[in-house]
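Below are structures written as structure tokens.
Across the two complexes that follow, chain A remains constant while its partner is chain B and subsequently chain C.
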Partner chain A sequence: MAATGGFVEADNAEAIITRIEHKSRKIESLLKQLKPVEALKTALEGSPPMTRDERCKSANWIVVHRALMAIKDVDGMLSSLDPEYHDILMKYLYRGLSTGDRPTCDQCLRIHEKLTEKAGLGCILRSLADTVNTV
Partner chain B sequence: MANTLRLYLTCIRNTLEAAMCLQNFPCQEVERHNKPEVELKTSTELLLNPVLICRNEAEKCLIETSINSLRISLKVKQSDELENILTKKFLRFLSMRAEAFQVLRRKPVQGYDISFLITNYHCEEMQKQKLIDFIVQFMEDIDKEISELKMSVNTRGRLVATEFLKQFI
Partner chain C sequence: MAAIAVHKFAQCITCHAWSPDLSMVAFCPNSNEVHIYKLLQDKWEKVHVLQKHDQIVSGIDWSARSNRIVTASHDRNSYVWNLEGSEWVPTLVILRLNRAALCVQWSPKENKFAVGSGAKTVCVCYYEQENNWWVSKLIRKRHDSSVTGVAWHPNNIFLATTSTDGKCRVFSTFIKGVDTKDSRTGPTSDSKFGEQIVQLDLSFSWAFGVKWSPSGNTLAYVGHNSMIYFVDDVGPSPLAQNVAFRDLPLRDVLFVSERMAIGVGFDCSPMVFAADDRGIWSFIRFLGERKVTSSGSTYGSQFSEAFGKLYGGQTKHGVSHDAVEPSRSRGGIHENCIKYLLYSAA
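Moving on to the complex of A and B:
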């Protein structure tokens, strides 16, 4: 069971990475059209749910990071984001905060404050408690 | 500059409010023992994801939670060699008197300057909000304390040097 699971993982990883590359191209074009909110939505959409593969997670993180840094209007972005993406966004924010890179941390801290006001402490707790779907 | 400090402290406060959900949990391996699970890390089902919040390259805060205990480790900003020594000595002074603080850990976690260990017993005796206020206040005050210490060291050094060199005038 575990062996077949691992096998499926390996195949899926390549497929997932190609999908992430498609996503990143789409996001680049959206950013050029000055639509950072759409870009972030696209980045968060196909977040690899069950992958254990570090490469997929890093690849997706790079894409989300690119979209996050392009956001200037945090309030507008949060009001137009669906609530189902709040949890995923919080997980990515914590990943951003752990990098230690100054501009990333500044942006992540800004969004974190607003997101906590909107989504509440439950969002933070879900990102802490979810050990299965990590980003 | 002050804005990032405010955001950093708000983020830590919110994370602590969410993470400080502690309850009594006797040890699973040994009868009649009650240990802070975050220190032992023997059972993964009792631990939550650790969270690292960085303000910049120099300052960070690691928050690790488990079912009955929470560990907060801080790395304080140290811009030069003198601040390095002052921080180390000052925080060592505080850590040695950890009994008086109750929530302080005697040795900081590897890679950090100071650590706090909060258990469910602390949460039962003391108010959760007050504990969080204490930690955040501590973080604000530590920067002021270190700069005050640095200033007093420089002032004393200047006075001593002036006095000493007067004899050569």
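Moving on to the complex of A and C:
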């Protein structure tokens, strides 16, 4: 699909944030049901990459972060995650690693190792090379 | 399938081209010269040295029927070499560039050649019989950055270009007096020189090697984000397939047939891509042997060392660290990045 460069404007950002809040509630309920893998999938789904609004990106990051920290079985999570989510997960892992927060970095590094084994260096390349769709 | 023959010509080869009968190969050994080697009784002998450029030669193409060599260099010039007797005689082509020339290719009919440059322009050169010289026509518009690759469509008019602005564009290079209007091939309304037929904005990073399939129906180009793009129906509404793969990015691609292509790049081993019956492209396998390590991590020793330190001293088994200097060999023939791929099967 060719990128159209249609970036979301500020007024649409409100709609995105509402969607993210809705997603957040769904994720909390999934985590209570001890389904961290579904929670992460929900968090990664519909990530708003085509927006320059930092609030949308931060809001989605908080939601993804919550789901990431709840993952205990990394191998299990990766085996049930669709390959189409590998690239977006790698981007969020790098965002997590850049926070400098010890528990976040530990978790992100743990997942990074397994994800690289699974998806290869190409996945890292795609998350680094893509300066247009950032998370 | 392992390599048929391996020969080390030089420490580093910038670009190369085969002669029409495949007995000779011309390449630039990372200098301002072009060396031509001929295979004589199982040994490669240097038969010619073409010395005219002032800086590194970035592109060489050897035309199959007319037996001419065109070279393009960072010194902003291009020379067309004709074999007269036993000497290659150069003819300067004034490209009118103010930046380096990066790539060059003869058109299928060999009456034109295209040069991509760092000046964000593409030069299309043709021979003017009356004045006995090569004229350069520039496509100045559209490119936002260096043009890294050029590829001619079999109809001798459409030219695909890739650029470090991430886009692949197809232009018409119809030149009155050189090309004939063929009503069978495509819309004649787009026959103005430099007219952009389509712009493909699929890659979010630099785009490199571009090639048309033998029939011209499919266009393939590689991006620096470890992806290869296959486009059918190049026109107002193209059908693109983005194929992501595991490994390091490719630099060049080559169509072996309508449904099979080979990519080469930073992974030192050529990758085979093929289209199935539905026309869906995917990665098939590597060409040549690959050293497979036991723990499933398949990086070269250099990366394994780095990852070992990153993940807190966990050792990766099965990767040999014998070389004092970490080499990027993966059991394949090439030990460093492969930049170009040329078809040379008889």
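Criterion: the second predicted complex is superposed on the first by the 127 of 135 C-alpha atoms of A that agree within 3 Å, B and C clash if a C-alpha of one lies under 4 Å from a C-alpha of the other, contacts with A are read in each partner's own complex, and residues count from 1 in each chain.
As a convention for this text, contacts are C-beta pairs under 8 Å (C-beta built on N, C-alpha and C of every residue); 3 or more make two chains touch, one makes a residue touch a chain.
Everything numeric here is computed off the predicted structure, so don't read it as measured data.
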| item | value |
| --- | --- |
| First (chain B), second (chain C), both or neither touched by A:113 | both |
| First, second, both or neither for A:33, with chain B first and chain C second | neither |
| Touched partner set for A:102, first chain B, second chain C, both or neither | first |
| Which superposed partner A:121 touches (first chain B, second chain C, both, neither) | both |
| Touched partner set for A:87, first chain B, second chain C, both or neither | second |
| Partner chain in contact with A:134 - chain B first, chain C second, else both or neither | first |
| Common ground on chain A, meaning residues reached by chain C in one complex and by chain B in the other | 109, 113, 116, 121-122, 125, 129-131 |
| Contact set on chain A toward chain C in their complex | 1-3, 5, 87, 109, 113, 116-117, 119-123, 125-126, 129-133 |
| Touching residues on chain A, where the partner in the complex is chain B | 94, 97-102, 105-106, 109-110, 112-113, 116, 121-122, 124-125, 127-131, 134 |
| Touching residues on chain C, where the partner in the complex is chain A | 200-202, 204-205, 223-227, 238, 240, 242, 244-249, 296-297, 299, 303, 307, 310-311 |
| Complex interface listing, chain B residues touching chain A | 4, 7-8, 10-11, 14-15, 17-19, 21, 44, 47-49, 51-57, 60, 65 |
